[in-house]
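For reference, the structure is listed below as structure tokens.
As written, the chains take the letters A, B, C and D, and residue 1 is the first residue of each chain.
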């Protein structure tokens, strides 16, 4: 348990999204989950990256301005979006065939907790008090098991200062052992077979600072850098 | 074994097809197999019946005349066909989803043998001498298990005068217990739980004549009629 | 073939108490709202609703719960995102109070169960949900190095779908992201009812652009396009 | 994204000996003939071909057998209808002589195995083939009152597909019954190569009419439409 709330000042949600945008390779197909992941789209306009909207669209464009809103053109967060040259539409079933079939190069997802083994808990907060098997699963479980690479975008701790990066997840799992990279307001951490590798830290934040708000022991990279934006 | 070849003169292939066309209800979706079944299409022009071509088309029209041939518009027998108002195209996979999913009201199929239990053998003639699991299965197995009603169109005996309607099929099966109605050059026979019910005979052919070229014992309908064309 | 009914009330009149009904649409997009509203008027009870959402972005579904018409919900994203907003939602209340039974599936599994029903597939093995509460008592099996869950087909008595354009034979085309669940739910339903915004004559739709072949659609009704604005928070 | 290769030879240059290759097309319709002809020139050996037909209506496939390039064939309707014509066919001879291994599946099972591979489904239960030689050693299982066979996914190293129109990102549209196996084979292939009759710029294809989204297509090549006339007798 972390005893102080928000010990360190790190990146904004927008800059977490920017760091992730820099991680994406040109020519890749990417799905962005609800929350911080959605903000990644603001940083890739004009790049050679195709976004998927899981309800059945490839090459999703930027959010629609009020006068461009089409009821039949929304993203998975139910926001009105626009199309781009080369956009295509298909059924939800085809969309998840694509996701499970391994066609998403990267899924960027939010998380409530991530374990040092790469387990992801993101769909259900038990504090809401619903029966354990009931909640908004959405597309997260399929994306977590289907995407070639899973990047987590989240704040490093809860609003109460609790660990979100943990030895074991205590919340209901989305999937086991699927997370490849964790990008938070404080750090960029790679999930490796040997454990969590701390690769980058936010400006003004040390490796020790990050460790103090991370439950499992971090391996500090020999090439530890400040997060490059 | 029947010891004389072609004992009785019955209906032509075209009239077998006509009898089957009369069996089809308006408003139904129908798949026609290769051989005599294909001829049924000549008798339903203008009727409210939708034909499926199993490679991925609904509302298949008549065969194309030479000047109308389109390479991209063929039926399952690889014959150039035409389209009708309301024709639609889809993938082979969707086509068989439709077939297995129970959407074909009727499949009209050819057969090498049919048993009194409604077993169908139609895809492989062992006399060709290929390994038993190898041959042209085509769409027959899916159609046989998927269609709501299976009507067999065939000559009553082989060219050598052998039984085709048998106690047990001796050729490799297409499916078990699927046949509902058998229409041959000599008779219309319904497959019932109690056995084969002889409902209609060709002009000039008696129930005894039909029995003499049919291995299993036939139940003769109280309403036995001459085939109505 | 003419599958067109004169109005919403007649097209759903025979739906009995206890029926299972799949309702297409991703939150708002492609949802057959006039049919859901008709169902509220029609009054059938003890219904099993099979629908991705159960309220957020779709107040008309929530109304069916408030009317006490729903016995069971099979879904994917039933609640508002916000816990505080959810606490006041009739759907979430009904689930908390045990008045409604609810099954939740991952989105891909949910749609694949319907697809399997339409395609004559009894069951399938998916990697989604392994190691999670979704496992429940389901069979888990290894293929290659990976574990998969066995999920079975889900066949609704009725499916409600929405299309931008439909002809009298039931050939349908959908528009952009309003396609979503419509094709697979249309194929899954024993009786599929299509609400179409534009009813056209047979032959007006190019066969290469049909998204839902008419064979899957038993009834068609012309509706006015409902006006809605999305929100799921 | 620009997935266009300059010509057939370069688009298939890297296919190694021992590769499995799915080839779309129903006999003649929608078959990527220029890619098959290229494969004959390229010379890769010990190939596993996954294709509905193995000769009838498709002399170019038969040529691969005559070249000794084929180790195994996974198919549905491999032979001519006529036994006497078949007796003279190089494909049937190769099978009779045990020079080529062959697996034959019912048409729906054949395409569903490919669909499963593209859709991340490991295996599925189908009613087709129960009580026939197709059962082989497969698991048979009852769901409800009916028996089903377990069939597994089939993932090719390469898929060859054909489209009437394609853009540089690999979005494809097919024409009438030439669609057939193309969508599911495109999704199944680890590397999918599309031969397109009309190569267009990105944005020229209406997104609602795309039959094969570009995500499934890794390489695109412009070809001239081959001229063929169907016969399977």
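A few notes on this one:
By our rule, contacts are C-beta pairs under 8 Å (C-beta built on N, C-alpha and C of every residue); 3 or more make two chains touch, one makes a residue touch a chain.
Please read these numbers as outputs of a predicted model, since none were measured by experiment.
Note on connectivity: the fewest chain-to-chain touch steps from chain A to chain B number 2. Should one ask which of A-C and A-D has more C-beta pairs in contact, the pair is A-C. Chain C and chain D have Cα centroids lying 33 Å from one another. Rounded to whole angstrom units, the spacing between the C-alpha centres of chain A and chain C is 28.
With centres defined as mean CA coordinates, chain C is found 37 Å away from chain B. Among all residues of chain D, those that touch two or more other chains are 112, 115, 119-121, 126-127, 174-176, 179, 207-208, 211.
The set of chain B residues touching two or more other chains comprises 57, 83, 89-90, 96-97, 99-100, 146.
Viewed as a contact network, the protein chains fit none of the simple shapes, being neither a path, a ring, a star nor fully connected. Each chain pair that touches appears in this list: A-C, A-D, B-C, B-D, C-D.
Here chain A touches chain C in the complex through residues 34, 53-57, 69-80, 83, 89-93, 96-97, 99-100, 119, 125, 127-142, 145-146, 172-176, going by the rule given at the top.
Across the interface of their complex, chain A is touched by residues 1, 115, 117-121, 167, 169, 171, 187, 202-203, 205, 207-208, 210, 213-216 of chain D.
Across the complex, chain A meets chain D through its residues 27, 29, 48, 50, 52, 57-59, 83, 85-90, 94, 96-103, 146. Residues of chain C touching chain D in their complex: 112, 116, 119-127, 141, 143-144, 146, 148, 152-153, 173-176, 179, 207-209, 211. Chain D meets chain B in the complex at residues 26-30, 57, 76-79, 81, 83, 86, 92, 95-96, 102, 104-109, 111-112, 114-115, 126-134, 136, 164, 174-184, 211, 227-232.
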